[in-house]
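In the two complexes below, subunit A is the common chain; its partner is subunit B in one and subunit C in the other.
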Partner chain A sequence: MTDQDGYNLRLYVAGQTPKSIAAIANLKKLCDQHLNGRYEIEIIDLMKNPALAQRHQIIAIPTLIRQLPEPLKRIIGDLSNPEKVLVGLDIQPT
Partner chain B sequence: MSELVRDVVTPSLINDAAETIDAIHHGHVDAVVIIKGAEGPQVVLLEGADESYRVLVERMSEGALTVGPDGSILYCNGRVSELTGYPAEFLVGRNISTLFEGEAPELAPDVSLETNVLRNGQKPLPVKIWARPISISDTTATLVTLTDLSIYRRAEEIAAAERFARSVLEQATNAILVLGPDGHITHASSIAENLAERPPIGRAFSEAFPLARSAADAGILGRVSEESLDQMLVTKPFHGVEVRLRSERFSKRAYLLSAGPLYNERKSSVGSIVTLTEITERKRAEEQHAMIAAELNHRVKNILTVVQSLAAQTVRSSKSLENFNSAFSGRLKALATAHDVLMQTHWTGIDLNELLTTVLAPYRSPGEERIRTSGPQILLPVDAVVPLSMAFHELTTNALKYGSLSVSDGHVDVGWQLIDIEDNLIELIWQESGGPMVERGRTAGFGTTLIDRVLTYDLDAKTEIDFDPEGLRCKVRFRVLGGPSCLHEERGPPPAHAATPLEDSRSRQFQLKR
Partner chain C sequence: MKSDTRAKAAYRSVPVIEKSPTGIVGLDEITYGGLPKGRPTLLCGSAGCGKTLFSMTFLYNGAVKYGEPGVFIAFEERPEELIKNVGSLRYDVQTLMDEKKLAIDYVHIDPNQIDESGEYDLEGLFIRLGFAIDSVGAKRVVIDTVETLFGGLKNQLVLRSELRRLFNWLKEKGVTAIITGERGDGSLTRYGLEEYVADCVILLDNRVEDQLSTRRLRLVKYRGSAHGTNEYPFIIDEQGITVMPITSSGLAHDASTERVSSGIADLDAMLGGNGYFKGSSILVSGMPGSGKSTAAAHFANSICASGKRCIYFAMEESPQQIIRNMRAVGIDLKKWVDKKLLKFSARRPNLYGLETHLAAMHRDVSDFDPAGVVVDPMSSLMGAGLAGDVHSMILRLVDFLKTRGITALFTNLGLGSAETTTTQMQVSSLMDTWLLLYNRESNGEHNRQLYVLKSRGMAHSNQIREFILSSDGIKLREAYIGPEGVLTGSARLAQEAKDRAAQLTRQQEIERRSREVERKRREITGQIADLQAQLANEEHLREQVVEFEDRFAADRIAMGLSRQAQTANSDAISARKAPKARSEKK
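Showing the complex of A and B:
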């Protein structure tokens, strides 16, 4: 995977709130289906370390940040609508 | 639209706020981050009831995970990180099967199974897995808990060790006590509990087992106060101090008190082991042994005196060395036979008829009936065995040399009867017949002198020896000490007169050889 074709995603969650768990599950499912290993997911639990919220100015949880490829993109919510997520992340459905 | 998407290259606080409110309004988020003064960002759950649940899950002693339908870990609490050695960030997103050693466990609903969880840089840890499917929003997930079995197994090992120690105490034949560092009893064997004046657990030794304090019983602990003794039992090892308990129930029993330090795994003293070993029987056996040794010493001296006397008197009455040798050897053999009888009967005495059989056995010869005996069964006391054996030997020797047994047609009849039941008085008559004519007025030789002396002095008997021309007659009257228990059922009616035992059809007959 290279920086050009890979996706570096960071998902901010709050412990195991329903929306957080749903967001993790939905994101993994979507990436497995459409990115075929061309992705890295980093899950940040703000319940354990709230200070990490400052870096990306997280206000609502869950929030997904696409770090790569640039530009940075943000999706707020539990990622339960895959079409909207694909659009938001600029991913071409396979 | 369930997600709010926007470019964050030029973030706008106004847009952020609007989008956040919109997301909350549509229920797409369930937590927000607020800035709380100097404390910095804090997460606030929009559903307050979740907070206690979240804290509970984070603090629980079991590992807790939420697993997606594809097996990927969606959430894990801090305990999972402790068990595996990996941070939650590392674990979330990985497949749960990668946590375990060997084949991945099947997460069937509500089924507990045991496996080993892999640990970062350490040996795998035994865990019990429990799983249950749940539905979170629109997602099906599985709740999984991991229970650290090493704690339980350690607890089981400790419990097993405790049961083992308890069974040792239960089965121990000695009184065994475990004392804590403060001197109080923490464990007691069954024997110890029986010996205790009051329930021993929690009490000091002196309180549960007060020792006799009299000068005779206290021994070397006589000068030690109870407080000092309790202190000594925990601090100073000592072995085998003889004590007696003050309790009336056990006051006649003797015990050995011992104490030794009890060490823990770090080799530091955590109390002591105290034992009370009963030695009553051992002391009794030692005393009996000493008594037997003294008795043996006494008897050996007596025997030597008898032998010395026999030798001296045989010398005086012997005309030649050959004559002395024969007579002395015969008398020594008679003495040895008497002692054999005592040994074989464990010094409990012997039936009169059996004694005659034994003493006369060397002179028996098959096919001849030269000596006949008759009389009731009488258990002779120990003291009567040697004198009667010697007397029978002398009478037989005399009969073989000069009397009825010196010719082929001669006989000896030995009869006895109880002539005074109250006084336990026995009359025994040795009657010879069919032998050479006995000279009237024949003087008594040493043999008859010995008979008279041993029976008179050793058996307190009255002896009459009559040199009747028809045959020598020896009448002996002696008492059987020990009362009627010495007298047993009669084997047959005693003869009307002991001098004519031939009339008794049940007479026992002996065959003599010349």
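Showing the complex of A and C:
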């Protein structure tokens, strides 16, 4: 695993809502299945850090942002549709 | 009386909607105080009709005038663009942001960047909004325009329920909000935002008629409050936004008996000696070059000379040109401009639509508070709209000026006879005083003439006067009525010369006669003196004779006495003889 092909993902949630919890679980599951350790997930709770919502242009919750590799990609929703997430993050299913 | 006060008290206890003033001139009047406080208001209109400026004005005034900080959620413009755009209205948004009185949050949505997978909500937007509100302690919020979300997010069901939640949330927060929305076909907004915002809906409109656009505002609804229902024109310029509640056609204005000088002494004399009535409307109509503007300048000059303010709405000439031209007839308008008593407001008639003209005049008058107004020429407004519209506009302008007690002078250019051109606009009936100026051709010259066609409420002259533009203004001459009508120009001069000659002859005749009489008087006086001297002489002679006779009689008595022998007879004889002796002497 190198930094170039590693995935840097940020998940923005707002408190412990069912959608947030589902999103976190769905993301972890998906990454474990397809990224095989080549990933980093940062979970940001906007309830605790509301200023980041403006800085990172977050409207919908949950929002997943692929920081790396470039380009930046956004997926909104609780990530309950794995195919869409994979397409959205540009991940080749293994 | 008692029941009346009780009713009043009961009325007062009824909760009424609190209002949040917008600080926009005119809008607070038609909403009776502003937007509903603590509730969202929908501001809709098509592109470019001023929604963003309108809502920014609301925030800016809130922060500057009413101590209510605000938040601007911009979906369409970046903060730096927004700040620049409203800088044209001299709104210093940056400073307000630095002072934490205003916050701008730019919400960027790029539909190409967003994929959707599963359920989501717009909690992020709520968090941002909440954060922005808390950061400045906002009382006012603008969301411009939330509809952008419809383009960015695919799940319309979620979006609609979230919008409903957003508006409720804003209400709970107790902020006064403006939500802008793009005008849709056949509905107020493209995405039916009016379903959610039900308290107050304002519609902005920018209509183009005859290539001239007029901005208009209408209060579609205002729940729980009385409000003006008409379409009100509004203008956006460097002084901000001004809404003009100009539809009143009240006839309740006071009629003053005070007089205002026309600035032309001779004309004042024709108008019963004192000039126009204060607060009346004066129409000066005439052909090109008949001196309308000069009459108007005289009026403006006289208003300023009395220490009052005057606005000169110039439709065809620039202020500098008017000042120069009037200097030629001895009227120094520059001096009044410098003293800030005279304000020129020069606008081409086709610069914008009639309503906007009216709105601009309205605002100028409200700001400057003049005692007199000149519209020169009113007829050029014909170019800015249809005849009916012009009439309605002039009517409202006249009404407005009258209610304020402002004396207004309108000039009107007519090419044909004055009567027919003015009735085009049918404004003559609105006017209290109508002066007709014309150029009459006679003996190979054009000469100016003036007469007072009507002047309500005063005895006025019925004469046609020749008027002369001299180097110290307009002079009115007594008209000469000759065998072929009124004599003007050189014909009048000739007549005057003839008159002078005749008068000279008469004068000389009088002098000759006087001399003759004087001579005769001296002659007769001399004769009288002669005769009197003669008479005196005669008188004198007679007195001498009488004296002599008396002495003679006395002598005879003395003689008789000395003889001592006189009988009574001889006494009688002597008495008889005495008159004989007297007659012998003669």
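The rule is short, and it goes like this: the second predicted complex is superposed on the first by the 93 of 94 C-alpha atoms of A that agree within 3 Å, B and C clash if a C-alpha of one lies under 4 Å from a C-alpha of the other, contacts with A are read in each partner's own complex, and residues count from 1 in each chain.
Convention: a contact is a pair of C-beta atoms (placed from the backbone, for glycine too) under 8 Å apart; a residue touches a chain by one contact, two chains touch by 3 or more.
Note that the coordinates shown come from a computational prediction; the quantities given were computed from them, not determined experimentally.
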**Asked** Between subunit B (first) and subunit C (second), which does A:G88 come into contact with in this model arrangement: first, second, both, or neither?
**Response** both
**Message:** For A:I44 in the superposed arrangement: first (subunit B), second (subunit C), both or neither?
**Reply:** first
**Item:** subunit C versus subunit B, contacts on subunit A by residue
**Value:** B
**Prompt:** With the two structures laid over each other on chain A, which partner does A:I21 touch: subunit B (first), subunit C (second), both, or neither?
**Reply:** first
**Prompt:** Is A:K29 contacted by the first partner subunit B, the second partner subunit C, both or neither?
**Reply:** first
**Footprint overlap on subunit A, comparing subunit B with subunit C** = 14, 17, 19, 22, 26, 46-47, 50-51, 53-54, 57-63, 72-81, 84-85, 87-88
**Request:** Using the touch definition up top, name the residues of subunit A that touch subunit C in the complex.
**Result:** 12, 14, 17, 19, 22-23, 26, 46-47, 50-51, 53-54, 57-63, 72-81, 84-85, 87-88
**Asked** Which residues, counting only subunit A, touch subunit B once they are in their complex?
**Response** 13-22, 24-26, 28-29, 32, 41-48, 50-51, 53-54, 56-63, 65, 71-81, 84-85, 87-88
**Request:** Could you please specify the touching residues of subunit B with respect to subunit A in the complex?
**Result:** 1-9, 11, 16-17, 19-20, 23-24, 28-33, 40-43, 45, 47, 50, 54, 57-58, 66, 68-70, 72, 74-75, 88-89, 92-93, 136-139, 141
**Message:** Per the contact definition, I'd like the list of subunit C residues that touch subunit A in the complex.
**Reply:** 105, 107-109, 113-125, 127-128, 130-132, 149, 153
